[in-house]
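Below: the structure, in structure tokens.
As written, the chain order gives the labels A, B, C and D, with residue 1 at the start of each chain.
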Amino acid sequence: MERNISVEELNQIPTPKKEVEIVERKGIGHPDSVADGIAEAVSRSLSKYYLEHYGRILHHNTDQVEVVGGQSAPKYGGGLVLEPTYILLSGRATTKVGNDRVPYKSITIKAAKDYLRNNFSHLDVDADVMIDSRIGQGSVDLVEVYDTSKLEANDTSFGVGFAPLSETENIVLKTERYLNGSLKKKLPMVGYDIKVMGFRQKDTINLTVAAAFVDKYIKDADEYFNLKDQLKDLVLDNAVEETDKEVKVYINTADIRENSKSVGYLTVTGMSMENGDDGSVGRGNRVNGLITPYRAMSMEAAAGKNPVTHVGKLYNVLANKIANDIVQEEGNDIAEVLVRIVSQIGRPIDDPHVASVQVIYEGNVDHSKHKNNIRNLVNDRLAHVSDLTMQFVEGKITVF
Amino acid sequence: MERNISVEELNQIPTPKKEVEIVERKGIGHPDSVADGIAEAVSRSLSKYYLEHYGRILHHNTDQVEVVGGQSAPKYGGGLVLEPTYILLSGRATTKVGNDRVPYKSITIKAAKDYLRNNFSHLDVDADVMIDSRIGQGSVDLVEVYDTSKLEANDTSFGVGFAPLSETENIVLKTERYLNGSLKKKLPMVGYDIKVMGFRQKDTINLTVAAAFVDKYIKDADEYFNLKDQLKDLVLDNAVEETDKEVKVYINTADIRENSKSVGYLTVTGMSMENGDDGSVGRGNRVNGLITPYRAMSMEAAAGKNPVTHVGKLYNVLANKIANDIVQEEGNDIAEVLVRIVSQIGRPIDDPHVASVQVIYEGNVDHSKHKNNIRNLVNDRLAHVSDLTMQFVEGKITVF
Amino acid sequence: MERNISVEELNQIPTPKKEVEIVERKGIGHPDSVADGIAEAVSRSLSKYYLEHYGRILHHNTDQVEVVGGQSAPKYGGGLVLEPTYILLSGRATTKVGNDRVPYKSITIKAAKDYLRNNFSHLDVDADVMIDSRIGQGSVDLVEVYDTSKLEANDTSFGVGFAPLSETENIVLKTERYLNGSLKKKLPMVGYDIKVMGFRQKDTINLTVAAAFVDKYIKDADEYFNLKDQLKDLVLDNAVEETDKEVKVYINTADIRENSKSVGYLTVTGMSMENGDDGSVGRGNRVNGLITPYRAMSMEAAAGKNPVTHVGKLYNVLANKIANDIVQEEGNDIAEVLVRIVSQIGRPIDDPHVASVQVIYEGNVDHSKHKNNIRNLVNDRLAHVSDLTMQFVEGKITVF
Amino acid sequence: MERNISVEELNQIPTPKKEVEIVERKGIGHPDSVADGIAEAVSRSLSKYYLEHYGRILHHNTDQVEVVGGQSAPKYGGGLVLEPTYILLSGRATTKVGNDRVPYKSITIKAAKDYLRNNFSHLDVDADVMIDSRIGQGSVDLVEVYDTSKLEANDTSFGVGFAPLSETENIVLKTERYLNGSLKKKLPMVGYDIKVMGFRQKDTINLTVAAAFVDKYIKDADEYFNLKDQLKDLVLDNAVEETDKEVKVYINTADIRENSKSVGYLTVTGMSMENGDDGSVGRGNRVNGLITPYRAMSMEAAAGKNPVTHVGKLYNVLANKIANDIVQEEGNDIAEVLVRIVSQIGRPIDDPHVASVQVIYEGNVDHSKHKNNIRNLVNDRLAHVSDLTMQFVEGKITVF
């Protein structure tokens, strides 16, 4: 198979050397990430059911989850969830196989609840959320085209990836993972809804962190502001390990101390969806975990898409993987690489319309050697695109 | 006021000169665009109500609409909608002003129905859609921060814009507008759900068009394929006016002639949401009407956001406006300009954290002069950011 | 066929001669009646579709409608609906016939909207209600038993009827029909939500009427109380035509004149569901239009049941018809007759488990003659039970 | 206080001596009973919350629950729930007390889930049901009238009761309680959805029992029919203890042995709502646990009504209590007693519009003595009507 692979040199300044850079990450408890996480969990559960009963993953796309925020009344010492968050699952699934009917609705609402229970310890899934499912059967015509045994692209779409991450990008990613990871042992009152905005201007990195606190652990505003100071120091210590640049940290900048009503960013469950914040799939992080307006991005929502033929899922992850592999294998000569893969509906997924690689080299380099290596690497990764499928099903690839 | 404005030269190849370019536009009848259109219509209706009764636009964000596809059985000569599309409105509104209660739910479902009736002539709003609203009251704390009379940024967010559009971008935009505009007089059977994917490789522009046809106008497959050929010629004629490059047009590439079941892209209403296609706000076109993975983009959903303080709406539109104004005023010296505007929650909207402009100049230019002009222009546009508000309310600015 | 028909004499005082009698009628605009009316309209629409396309009425039971009241702010001169009423259609329908799929959801939501538009002139169906449908497919096993061509009873159930109506019953029925009929020409501000409670104690009939008024027609509390007085007189005049007993009329007894906030029973749409009053099928009037706790009643909801085999619908109407026919044919000898018809699942609908008739005779009568006549009459009516079906479909039989 | 109490002799044949009698009981797993049970559980939970936080039970009526049946595929050895049952909670609650907001939605969905978990052991509440709540705030005007501290009737309504139960009634009641009680130890495969229809014709009592079986306990059709035979014998043994009349028992009469598809009444969860059977509040048993078309009944749904002022709840229970107390205290002279209590909106609940007692005496009795005793008894029970309130809250009074 002769694949259409374009490798092009870009003669331009790599992102980290530009004057300004903006990077954002929505933590796993952000409503958009909650929607992504549920969508992907639902797809994994359906995939496992199909595999177990029919030996292959049948068509589905559950990349439509709407999180409609509830109402809460947090307060120091512990408040109340007043109205549960409403979560609507939609999308499509294979609901019938021959004469067998698939218990798709039960599988999907159970997967959603399990995901919430396993990830958000302050949430009472029985009382704080209501889950509805309007997942339906796919269009009869499209199901044929989508037939997942043919491994043809389901849509005319594309994936985008780049490598390596800049310092700012690394710090933003690392900060959220720290806050939703090991920091919880030191400061258990830090909730799951965390948003990290990195804004680098020349050699200064500004980290603006919005972090929901869990009210029951904090007795009053003094303790809250004290904890914010501790958190600021910890975030700073964690960030400076990654960079020599100056780092400035801002936590919950909307807090107004003097205003008795609105003193801090308190929540009952550690998640802002409890109180009016809505979310939906595909509006948050890209598959590399970041939102990067100074970089190329795809608009495709990967979470919840079927992991067999949906190029919006496969090609975005593959483009990032290819970019990373190129940087790793071609070594220091490469300053930055951008990868886009374009499908056309009906073409085999391992033979895209085009795979386009743009490379920014470091200084004077013999490009011809790299160009060939890159072409071979891309060719190889495309040939093995279907290896990704089971990694999605097993949860080994994150998509947001 | 001393605004933080960064103007930086980028020494790189402008987009139209790169080897590969991908551009996509989802037409107004695409489910994601339907969601965007409803969200924005709902915001306009609420804004008008608030203005009429309280003299100013009160807080709301109705940027959450979920379109859950129905089921249909199209066939040559005219088929049936089997299950209506379910449309969930969510988001937040100001529901009470002093002791007055605002009829926000009635306003919003009426706005949604009117939008559908006015834009999609083949849709029977009474039978083909079910509209539900779970729009709720904003969080009490946030409402204060969001208080729209203060004109402070509601969030830490950013807007992204660029200019000028490339030939490929122009053609993609123009193609969809043609198909959903004047072409309807010649070929009324072309529906509203149209997706145009432009993929330029060197000097060839591939236009892949997915266009739903309305079944009742077409008597059989022969007529359908005949109409596709006519459509292809018309799209090509329309496109070549904009470019000297080679243009190739593909219409409904998933059609399989020999397969009796799946012969064409037929719909009853001209919209694929009738049969299993879902959509939601913010997953389609950016505010310039395009999805451009070879360009910088914001992930912010603009449609439905409040037009007074939501920087995700204001800054994206403003960044594009600034980019266009720079290109227009600074003339031929400028090959490409990128604008990002970053807010910080609580800062006045006319004083962002940073406004960053990156410029690619044509050949040898005296940058210093331009740099100063650009800075002044940005300063001026930021000072007048609030002029956008009423243009949104009056529907003069499109956001998708 | 030898049918099991039991004719029994009851030696007891007829209802109108007992000391106390209570009779209630919920008008067509009462939320329970709105639910009944929609359920029946939906069944009629489905029946017509099935007849037109398949030559017979296929299985369905749409006797589940939940009306969840909205919120409104009525005021003299005209108020607002604040939140639309939410109406959930549920129940079962035949959704597939061979390979044909039936557009049952579209049919049903359209039927519901048409019913509301045709009956309640002050309601803006686009803005004041939201209609959702969760009507589903019947159980596969039961569908076979229910197969409407076999005309076997779908359930073990019963119907109850009696005749003649007492004076009190007649007056209650006539009062609501007057208020929702010809009175509207004189007093157009009287809404559709009317409840009439008749309570006779010996020779005094107390008529307690709750009648929603439409706010836009009434300028202030004085006019309201003036209108109430007019209404009271008109109700009294209308009632005394039917009886020599003393009649006392009470209108909107919950009104509190001195309390400025709660001065009258005002609505925007003439229907209390606009403001928090819920309703559901089968909780209001029995098929004779009345609730009669001093009489035998069935708990079966008739509205929305399929008119071919559902004994809960057929037998209740038939029992009343038989009772009326007996009174009419057997003349003055009969003071009161009660009819119950009991089905058993799987038996032909024209051969019930038992048809039981209880008769209270006037004075000294030769029962044997009547007994035989009655037996023959019951036998005949059962043999023609299926004549009712098309009368339901054509809307000639009211069920609430 | 001089209460309006009417005591009237009825000179008629008591129910057990009439030729025909029909009595029905829907078991706790019947969809209508599930709706009733949830509605009442929700009211109890709200009442407890109000008592704990505000010292008294605030206004609420949660007597609107709609159970929309799911889809299942039961089979011998164990089948699957395919689509969860959807349960909509509606009704009204006090949602705000001064500046406090009440977490009414969370309380109510939690109460519903707890009720299902505690009563139906084969149901997986996480996967087999979806619970939604549209419970809203009561109408502002009505809330004042309903103010539960005033103890005034909330409506013009009535309660109905009678005593003693006939043999047939006792047997029907006892049969369901046996099947959903101690029988489960012997035959654990008998599910919760049980309907018992008693039809007495002269001296023969026909008991028609529909009992859902749980599929996983039964290996094939032979075992099923064998179990049905065992069940029939056990039901008969249990019934004949109560009567000297002939008893005939029919179990699952819709079963068709020869038809391979529809061989038995199998379910996955023991509840027919899993497969298309809908239910709603107030369409099943009256407060005495029975549906008795040969007796007087109220149409009021008691389950979920507030236990402080809702006469539809209080008066129905009180009327039965008074009837039972009269029979108990007045001894063998009384063959049958019927009690109705009529409210008028705005009157104190202990002073109804009328309390009407109708008595059928056994043979020759000195009525005057009884009449006086009865009047005193009714007077006393009315004076203590509010003693019922806490018995409802503590779950000591069943309402269906």
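Convention: contacts are C-beta pairs under 8 Å (C-beta built on N, C-alpha and C of every residue); 3 or more make two chains touch, one makes a residue touch a chain.
Just so we're clear, the structure is a prediction, and the values are computed from it rather than from any experiment.
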{"item": "Interface numbering overlap (same over half, different under half) for subunit A and subunit D", "value": "same"}
{"item": "Averaged-CA centre spacing for the pair subunit D and subunit C, given as whole angstrom", "value": "23"}
{"item": "Euclidean distance of C-alpha centroids - subunit B vs subunit C, Å", "value": "51"}
{"item": "Centroid spacing, where centroids are CA-atom means, of subunit A and subunit C in whole angstrom", "value": "55"}
{"item": "Touching two or more other chains - residue numbers and ranges from subunit C", "value": "71, 83, 86"}
{"item": "Chains that touch, pairwise", "value": "A-B, A-D, B-C, C-D"}
{"item": "Subunit A residues within the subunit D interface of the complex", "value": "70-71, 73, 80-84, 86, 101-107, 109-110, 113, 124, 126-128, 130-133"}
{"item": "Partner subunit C, residues of subunit D touching it in the complex", "value": "4, 6, 8, 10-13, 18-20, 22, 24, 64, 66, 68-69, 71, 83, 86, 88, 90-92, 134, 136-142, 144-145, 156, 158, 160, 195, 197, 199, 201, 206, 208, 210, 250, 253-254, 259, 261-262, 272, 275-278, 280-284, 286, 291, 293-299, 301, 340, 342, 344-346, 353-354, 356, 358"}
